[in-house]
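Following this message is one structure expressed as C-alpha cells.
Chain nomenclature is as follows: A, B, C, D, E, F, G, H, I and J, assigned in order of appearance, with residue numbering initiated at 1 for each chain independently.
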C-alpha cells in the first residue's frame, strides 16, 4: 500500500457480511484550504458506517483524507464529496459523516451527511 | 460582502440539494439589550438546518447576529424573529434555533424554536 | 412588579402563539424546609414548557420560588404543586418540572413531573 | 421509624396519584459481601419509579439498603431481589433499578432491572 | 475455575429468567496483536446482554479476553468473533459488543456488533 | 445538641494535638439575604483549618451556617465574620475560609479569608 | 447608583482592613470593538485583589466594564488600562487582572496584568 | 497471606532504598460506622509515602482498611490512627493520608494528615 | 500585512513597558511534516511571554506558524527553533513555548522550551 | 531501526544542548505480568526529562516498553528499573517517571520516581 496522499480508497472483504454492524472511524487531523482566503481550515471527521461486502482499509482512509491538505474546499461541499467517495468505494448499507470544523470568526460549523443504500 | 452589521442574510446554492443533510452553526457571541433595563444580555445561539436549494453564508450570519448588538430584545421574541428571518432567506426543509441566555437573577433561560417546511 | 416573595405568577402574551416552541428555565437556588425536621432543603429546579397564549414572566418565577423559603414541603408534593400552579397560571400546551434535591443521608432524590394540555 | 438496618420498606400515600410522574433515588453507598470470597463489594444504586398509590419513604430505603451490609450477594441476584422487594412494598406503575458495581479484576459490571405493572 | 487464559467461557444459571434485564460488563484492558505489524493493539470492550437461561461468569470473561493477548486480530473480525463466542456459550436474548480501539495513525476506530435471538 | 439554628459553635478536644494536620469542611448550602434588596444570596463555603486543642463539631457548624438564613449580609463582611467566629471558638493554628457566591448580574464573586495564630 | 455605563468606579470602606484577604470577581460578559476591523471582541475578565482601605462596589464594576461596549480596544492595552483604573480608584495592596479573549483566527489570547502597592 | 480483615500490615523490602521516590495508593472503598448513630460512613482514602527500607504490601493494605468495617470511628481520630499504624509498620521517610468522607447533612469533610521521619 | 505564510514575525510597541505582564497565545492548529515519513504531524502550540519593548502581532504569529505547513520538522528541534525566532524578533523579558504533539504510535509527546533575557 | 520489542533504547543528539528544556512522553499502553498471579497488569507511563547531550528516540521508547509485555514485574521495582535504564542510556540532566497502574482489588497505585544528574 502506498504511503502517499491518494484519492483512492482501498477496501477489504467484510469478515461478517451476514450481520449488520457498525464501524466508527474518527480523526481529529483533517485539514484543507479555504477557497476564499487560501488559509488553512481544520476539522474533526467522524465516519460511521454499516458495511455490506466491503470495509475501508484504515490506513487508506488516512491517506485519502491527507489528499485534501493542499486543496481548496467549502465546508458543505467537501463533506458531501467525502461521503460520495466512500459510498462509491464501499457501497455500504448505511454511512454517516460528521465534519466538525474549527471555529472561524466566532462561529463553529458542523456538517452531518448521511447515506442509505437503496434496496 | 459587507463587513458591517446587517439584517440581510446572504445565501449561496446548496451544493448537494439531492440529499437531506444537516448544517450546524454555533456562536457563543450573541449580545443584545434588555428592553426593560437597557443593560446588555448575552446568549449562545445554536442553529441547525437542512438546506433546500439555498445555504446561508457563514460570515453573513455573523454580521446578521451582530446587528442585534444595539437593539432591545425579549428572549422569547428575538429567538422567534431570528428563525423567521432565516426561514425567509433560505426556505430550508427544516430549521431549529436554540438560544441559551446567560444567567440573570439566578435563572438560566433557553428558548428552542423549530420550523418544518410545508410539503 | 413586586420584589417580594409571592405565590402569584405574572404572565405576558406569547409573542408567537402560531408556533410550538420550548422555553427552559433553570434555577439552582430553590430552598424550602423539611416538614419533619424543620431544617433547610435545597434543590435545582428545571422547568421546560411549550406556551399556548401566555408565557411566565422570569422575575415573577423567581419571586414565586422564593415564596417557599419558609415553608415546609415534602419532595414529591412540592414538585407536583409547583407544576400545578404553573399550569393554572399559563395553561401551557406542555410542561415538565424536574426537581433535583441536594443529597440527604447519602441519598440523592429527583422528582420529574409532566403535564400535557387536553385537546 | 427505626434507625436500624431493616428489610422492611416503609411507605406513604402518593400525594398526586392522578398523575404519572417519576421519582429517582440514587445512593453511592451500597455495600454487601462477595459470596465466593467473603470480601466487600460496593455499588451505586439508582432507582427510578412511577408511583401508583404508594411512595417509598427515603430513610426507610436507606435502612433497607444498609441491611445488605453483612450479607453475601451475587450481582445479578441481588439486583433482582431489591427490585422485587420494592415492587412488593409499593406496587408501582413502573420501576427500574440500575446497580453499578465497583471494578473487580479490571472489570466493571452494571445490572439494569425493570418492572412494569400488569394492567 | 482456572486462572489461565482460556477460550472457554464459563456460565451459571440466570437467577431470574422470568424477567428481561440487562447486564453490562466493561473492561479497559483488552490487548491483542496487529496481524500486519505484530505490534500490540489495545481496546476497551463493553458488553451488554439480556440473559436467557445462562449468565457468563465474570472471572471467566476476563480469562477469555486474556486469551487474545498473543493473537493477531483485525479490529472488525475480532469484534465479531468475540460476540459469536458469547452467543455460542450463553444463547442470550440480546447482546451487543462495543470495541473501542486505541488511536493508531491519528485514527480512532470503534466496532459495534449486535445479536438478537431468533424467536 | 440543639437542632435549631444557632450562633454558638460547639467544640470537642483535638484527638491528636501533637501533630499539625488539616481538616476541610465544605458546604454548598449557605444562604443569607442581600442587605440592599432583601433577596436571597447563595454561596458554597469551604473551610480549611489546622486544629490546636479544639475541633469544631460538624453538626454545630451546619447549625451555625443555618443561623444566617434570615440575616442581611454583605459578601466581604460576612466572610470575615464567619472566620472570626471560628477563630474565637477554636483558636486554631491556621484557618482559611473561601466563600464562593452564586452569580449576580453576570458577576461571580469569591472571598478568601485567612487566619494564622500568633506564636 | 447609576444604571448607565460609566468609567467611574464606586467604592466602599473595607470592612476588615486589619486583615489581608482576597476578593475575586469574574465576569464572562466583557465586550469591546476591534480597533482594526470595528468588529466585536469578547472576553472573560477575572479580577483578584487584596483591598487596603477601599473595596470596589460590584454593580459599579459591572457598569464600568459595560462602558467599553462601543470602544475600540487592543487586547494588551485595554487589559493594562482596566487594571490602572482599578488601582487609581482603590489603591489595593495587590491586584491581578486576567483577560481571556475569545478565539480569533484559530488563536486564543490571554493577558495577565499584576499590581503590587509600594510600601 | 490471610484473606481476612486484619489490623496487621504486611511489608516487603524497598527495592530501591538508595532513591527517594513516592508511592500513592488510593481506595474509594473505605467504610466504618458513625460512633454516635451507628450508621455507616464511607470515605475515599489516599495514601502517599516515600519508603525507607520497607514498603507496604498492597493486598495487606486492603485487608487492613477492611478491618474498620464494623468499628465506630470519628473522622479526625481514625485518619490519625491509620497514619500512625502505617508509620509503625513502615517507618517511612514521609507519609500523607487524605481521607475524603462522603457528604453528611450537606457537609463534605476531608482530613489530611502528614508524617515526616526524624533525622 | 501579508496574508501569506511567512517566516517574518511582525511586532508593535509594548503599550505598557513599565510593567511586567504576561501574554498567552494558544493555537491548536499547528501542522508540519514528519522528516522520516513525510506524513503530517499536528500540535497545539502554547506561547507565554513577558514583553520588553515589543509585542508580537497576532495575525503575524498565525502566518508564521502556517509557514511550517510544508516543512519537515522534528519535535524537539522545531520547538526550539520557534522559540528562537520569537526571541530574535521580540527580545522578551521571558518566554515559554509548550508544543503538545498529537499521539503517534500510542505515544503523546510534549516539548517545553523557556527563555529568560540576560540582564 | 528494529520493529521488535527490545531492551535497547536508541538515542539521538540533543538539537539544543545549550538550553535546559523539558520533553514529556506519555503512553497509556504499558502492560506487564503480575509476578504473583501471572495475570496481566496495565499502566499509563508518563516520562518527563531535561536532555543533556542525548534525547531518546520515540519509537525506540515504544519498543522498549513493549519488551515488558511478557515479563513479571512488581510495581515499585519496574518503575525504578525503567528510570534506571533511561538514565543509563541518556544521562539526562533531570528525569521523572510516573507509573499509574490500573485498579486491582479496589486499589489504585501510582509510583513516582525522580533522577537528578550529579554536577
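Methods note: contacts are C-beta pairs under 8 Å (C-beta built on N, C-alpha and C of every residue); 3 or more make two chains touch, one makes a residue touch a chain.
For clarity, every value in this text was computed on a predicted model and none was experimentally measured.
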Neighbouring chains shared between chain B and chain C, ordered by label: F
Between chain C and chain I, the fewest steps along chains that touch one another: 3
Chain pair equivalent in interface to B-C, over half of contacts matched, among C-D, A-G or A-I: C-D
Homomeric contact chain C-chain D: same or different residue positions, threshold half: different
Chain E and chain J: spacing of chain centres that average the CA atoms, whole Å: 31
Interchain centroid distance [CA atoms averaged], chain B/chain F, Å: 46
Computed distance of Cα centres, chain F from chain D, in Å: 36
Where chain B and chain H are represented by their mean Cα positions, the distance between them in whole Å: 56
Residues of chain D engaged with two or more neighbouring chains: 28-29, 42, 102, 104-106
Chains that touch, pairwise: A-B, A-E, A-G, A-I, B-C, B-F, B-G, C-D, C-F, C-H, D-E, D-H, D-J, E-I, E-J, F-G, F-H, G-I, H-J, I-J
Sites on chain I touched by chain G in the complex: 14-16, 19-29, 51, 55, 58-59, 61-62
Interfacial residue positions of chain I with respect to chain A in the complex: 3-4, 28-29, 31, 37-40, 42, 66, 69, 102
Of all residues in chain B, those that touch chain C in their complex: 74-77, 79-80, 104-115
Of all residues in chain I, those that touch chain E in their complex: 42, 102-106
